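Take a look at the structure set out below.
Chain IDs A, B, C and D follow the sequence of writing; residue 1 opens each chain.
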Amino acid sequence: MMTDREQAAFEAGIKLGALYHQFVGTPISRETAGSVEAAIESAVALQPFVERIRVRLNRDLMAENVFGYTELSGLMFDVEIVTRVGEAACRAALRAEEGYPMMRVLGYP
Amino acid sequence: MMTDREQAAFEAGIKLGALYHQFVGTPISRETAGSVEAAIESAVALQPFVERIRVRLNRDLMAENVFGYTELSGLMFDVEIVTRVGEAACRAALRAEEGYPMMRVLGYP
Amino acid sequence: MMTDREQAAFEAGIKLGALYHQFVGTPISRETAGSVEAAIESAVALQPFVERIRVRLNRDLMAENVFGYTELSGLMFDVEIVTRVGEAACRAALRAEEGYPMMRVLGYP
Amino acid sequence: MMTDREQAAFEAGIKLGALYHQFVGTPISRETAGSVEAAIESAVALQPFVERIRVRLNRDLMAENVFGYTELSGLMFDVEIVTRVGEAACRAALRAEEGYPMMRVLGYP
């Protein structure tokens, strides 16, 4: 009743929603951003149906507060994921669009 | 290129992944579970493409620790959501299946 | 070796740090803010050594994004807590100070 | 009115409460635990008054679910932190005690 493409899209949505709300709020700076990127990628890669995950966090938005760091916010995310279910793959992204951290299916490669 | 059903499934996945990782770990007890259910429902209902959301948290799993409460864990969730994109609606759930908090598309009502 | 005041301060810190990072990122609007306040208060009140907790979320900062809601951010918090250990009570707060969500001990009432 | 030791204890509490509720729920396995430990340590070290932070996550508790991973749970944490305010340092820990993820001041080194 459900196609593989539909399930692949569902699985991609789960992973993007999950990583966003798991990690938003994490104390971060330009120096530590790489460590947080690695932890997010390793966490997402464990989940079922994930074929590929790439996480970049926008250093340009990491303006320092009075204590010299900031927090991971939604607009910093630049994420691409590929999920696979059977024959279907779904490529999706989380990235800022006009001030909103948009999650979007990019295509079925 | 993407069907409405595919996007509706994607949107349902986003919301289930998001609520899980936003709220897991919240201190909870049988007495406060209703308040947390209401907050989760109100948060999810704000998000785009959500037509209906119902959150129940399994009190039977809320065994008290030495301080008289516990934490919201994945297996406590019993959630149903309906998302709508254009003509397509997607009904999906998050609930325990054989010890795993499974997210699943239930159908296209 | 540790005084009751020191432990009361430690316990207040735990609760403020915990609620901040548990709930930041929650989808919210002026209409749903009351529900989230209630859930946070009920969660914190369960934890050991908490005598009083009051959570207000600043509606003025809840500007709507293109989908008509926003996210709970650190600067929205206006929280006061009283913890008690033995004879000592500690009153502490989380609220915005010069663009930073500051946590501070207010006194020992 | 507040001693340096009291504030150091308050600051230690903040950091332990924060890291717990930021990272609990993260998908994890024995293979990725090191990456998550590094990310938590780098996040905590950014925060004010932190002199030292050491995070170990208990691999023995990382039993695999049907998909071959698990989630970071409170009982997995073994954390020690030293905060410093003026002349006072506070050493505190988060680790399992009798089935509860206990946060405790260990002393003023």
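Here is the rule we go by: contacts are C-beta pairs under 8 Å (C-beta built on N, C-alpha and C of every residue); 3 or more make two chains touch, one makes a residue touch a chain.
Values in this document were obtained by computation on a predicted structure and should not be read as measured data.
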| item | value |
| --- | --- |
| Equivalent interface to C-D, taken from B-D, A-C or A-B so that over half of the residue contact pairs match | A-B |
| Copies chain C and chain B - interface residue numbers shared by over half, same or different | same |
| Distance between the centres, which are taken as Cα means, of chain C and chain A, whole angstrom | 28 |
| Distance between the centres, which are taken as Cα means, of chain D and chain A, whole angstrom | 25 |
| Inter-chain centre distance, chain A versus chain B - centres from mean C-alpha coordinates, in Å | 20 |
| Shared interface positions of chain A, touching two or more other chains | 18, 20-22, 25, 67 |
| Contact graph of the chains (line, ring, star, complete, other) | complete |
| Complex interface listing, chain C residues touching chain D | 1-3, 5-7, 9-22, 90, 92, 103, 105, 107-108 |
| In the complex, chain D residues that touch chain B | 20-21, 24-25, 65-67, 71, 73-74, 98-100 |
| In the complex with chain A, residue positions of chain D that touch it | 18, 22-23, 25-29, 31-32, 35-36, 38-39, 42-48, 67-69 |
